[in-house]
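Encoded as structure tokens, the structure appears first; notes follow it.
Chain IDs A, B and C follow the sequence of writing; residue 1 opens each chain.
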Amino acid sequence: MNAFWEPLILSVKLASIATLLLFMIGSFWVYVLSMYSFVGKSLLKALVSVPLVLPPTVLGYYLLISFHKEALVGSFFDQLFNVQLAFSFEGLVIASLIFSLPFMVNPMLSAIENLPVSFKESAFTLGKSKINTFLKVMIPNIKPAIVAACVMSFAHTIGEFGVILMIGGNIPGETRVASVAIYNEVEALNYNTADSYSLILLFFSILVLTLVYIFNNKKISSAKVI
Amino acid sequence: MIKLDVQKKLHGSGGDFELDVQWEITEGEIVAVSGNSGAGKTSLIKIIAGLLKPNSGKILVSDEAWYNKENKINLTPQKRDIGFVFQDYVLFPNMTVRENLEYALPKNNDPKYIDDLLKMVHLENLATQKPNILSGGQKQRIALCRAIIQRPKILLLDEPLAALDTKMRKKLQNDIMNMHSLFKPTILIVSHDPAEIVHLASEMIILENGKITCKNKPIEIFREETNSLQITLKGIIIAKDDQFITLFADNRVQRIPVSQTELDYLQKGDEVSITSSEWTLTSSKN
Amino acid sequence: MGFKICLLWSSLFCFMMDITSVAVSEPACLRVAIASSLLKPIEDIGNKFTQKHSICVDFISASSGVLSAQIRNGAPYDLFISANMKYPLHLTKEGKTESNPKIFAFGGLLLWSRYPIQEKDLRQLSMSAKVQKIAIANPELAPYGEKAKNWMIEHNLLKILELKLVYGNNVNQVNLFIHSDVVELAFTSISAREMIKDRKGYWLNISEDTDTDLPHGVVVLSKSSNKKISFLFLNYLFEDEAKEILSKYGYSSFENLTLN
């Protein structure tokens, strides 16, 4: 029984940790992109979205070579945290941070850019710093977008397959997440197990998305002016 | 003394033009900026606020440089002693009225000041409400309170009364006057409304394509357009039938008889002027 | 304010990374990297091993080539069971193994066909229009794919059949194609017959009896954190119980053949 649930629990664990970290990293990105103008801003915005259009295998390939102990990223983690990135859960977390980044940043950034410019300007004329304005005025007014961003990142991480397969090594209890486990079971012709995993993931995805939309609708209707 | 000398290239619907303004404003006065849409009025006050960066020039406030292109000085809005009321009120929707004002209140200030301000605009019962349920006029008055809560040296108002009806406008004009008497900030108000400008301002400028075309006391500027032996009404034709035209003038719909020739060449949508040398004056006080 | 935020964020970040490393506890189970063709038989052997020694075994299967590359890049496996000796020997040369690889069984090439087949008709059948797709494992990564390709070259069939070829990442993917009935002909391993029992079709053993082209090797890896138990498992592959299972799947064990 435990062996069956392990990949699912692993997927949820990976997605949760990745989403939490992404929220921190993402908010930082959104802060920089929304509050500052500088040369190369468009390039930075585009870079954030690159994982959306890049084939997962390309990303997986580049991650694999940079995770190597002699490479920059790999050696950094090896020396500092004594962690080998390839074939490890940590490696999956790092990979998730990259390929799910646009799902966290883009909804939030979009929502912030749609706020009236005068919000920001108002706060500035009241003497509030950029970070104060961002935290006290901008972020509280994009709550639905933040929820959507977190859910999208979570769901996307649960669903990621190509990159994880390339850098994860399909190791039970470590990197054999649900999406990879399904592939594994299909190859081993264990269709029943593959079916079970697939149905659970499908149901879970629908449930989570439905809850999010209910939550968002509640927020919007309570804010409607009569 | 507030000394303005700023230039900025602006993009308008009719093409690019340069905003080029030289203006000395006596501190403590209420002054008005008028002109057609797109003339650069909002840009001008945003430049003063530090929300827009000019191409060249200088801004001196009581001999303190807020902007100086040559000396590379450009104070951020946070560092300028200003209050700003935007055209779309901009109360933060995530905060209640009180929280909006608390947010603006400087540290170590007595929170009772918030209650005083709310009382002054007669809105103390709305303190715990969120802005989304307030009417336009209520929002504007709160926005005004928030802009002055820090007792700024300069208060900038960008067509604050434009979206309000006549009755609300009068109320707000009084609020502005009251606030002015509190701590005598310099007030720059952008407005189209002649009555308002005459009521509030001691000096006004008219901007046309970014340049000042008139600078004088409001009454002098408006007086040029009027002839004391006649009264003129301006309106737009909204309908015509057999012998009458219906027009919209002075915020009201009026139907007046016209001759056949006039009926022939007048069309719906035309702007017309009605001049009369006979009239009866009735005051609402009676 | 900004500094406080940065401090909070970075400490939360480090905490998160810490949690993830805590998640990686010492592997309780033996990790065996196993060539796809050998998955089911060795899994069965593994179950018996677990029953006997109360040690659990995890299997990671892929083509021998892929596993070999992963090991070269530091994959945390205890043992490597390959469908040939070439890959394990390479790893030994690079110092990635604890000792020399040992042959524990010999495999054979098996042909599956949707239509009835006999060796003498093979050439004609494969060239006919009835056969549109022929599955083989990727010759660059899977020993069985390489063997299948060589067989086609020997019989002068490669150039003719090349356009009909469909490549599976490993032999198990070929078995998947067989099972889903999307190909008419497939080159797979002898274990496939036992592994996909419910598949209609016809099997033809095309490996010679004394075929030594597919010696299957097992080796303990130097990265193993459990060398003692790894060797225990390795030796278990040579015991009678294991040999019984291997022959059930069609493999010949080491003793019955001579090696040059």
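In this text, contacts are C-beta pairs under 8 Å (C-beta built on N, C-alpha and C of every residue); 3 or more make two chains touch, one makes a residue touch a chain.
As the structure is a computational prediction, the values presented were derived from the model and not from experiment.
K.L.:
May I ask which two chains are joined by the most contacting C-beta pairs?
P.N.:
Top-ranked chain pair by contacting C-beta pairs: A-C.
K.L.:
Compute per-chain Cα centres, compare each with the mean of all protein Cα atoms, and return the closest chain.
P.N.:
A
K.L.:
Compute the distance, rounded to whole Å, between the mean C-alpha positions of chain A and chain B.
P.N.:
Each chain reduced to its C-alpha mean, chain A and chain B end up 47 Å apart.
K.L.:
Distance between chain A and chain C based on Cα centroids, please, to the nearest Å.
P.N.:
Chain centres of chain A and chain C, defined by C-alpha means, are spaced 34 Å apart.
K.L.:
Taking the mean of the C-alpha atoms as each chain's centre, how many Å separate chain B from chain C?
P.N.:
80
K.L.:
Counting only residues that touch at least two other chains, what does the list for chain A look like?
P.N.:
In chain A, the residues touching two or more other chains are 129.
K.L.:
In the complex, go through chain B and note every residue touching chain A.
P.N.:
Residues in contact with chain A: 46, 49-51, 76-80, 82-84, 86-88, 90, 92-94, 103-104, 106, 132-133, 146-147, 150.
K.L.:
Spell out the residues on chain C that touch chain A in their complex, using ranges where they run on.
P.N.:
That would be residues 1-2, 5, 9, 12-13, 16-17, 19-21, 23-24, 27, 29, 31, 36, 39-40, 58, 60-62, 70, 73-76, 170, 172-173, 175-176, 179, 195-196 of chain C.
K.L.:
Flag every residue of chain A that touches chain B in the complex, lowest number first.
P.N.:
Touching chain B: residues 116, 118-119, 121-122, 124-129, 136-137, 140-141, 223, 225-226 of chain A.
K.L.:
In their complex, what parts of chain A are in touch with chain C?
P.N.:
13, 17, 20-21, 24, 28, 64, 68-69, 81, 83-84, 86-90, 93, 129, 131-132, 135, 169-174, 184, 186-189
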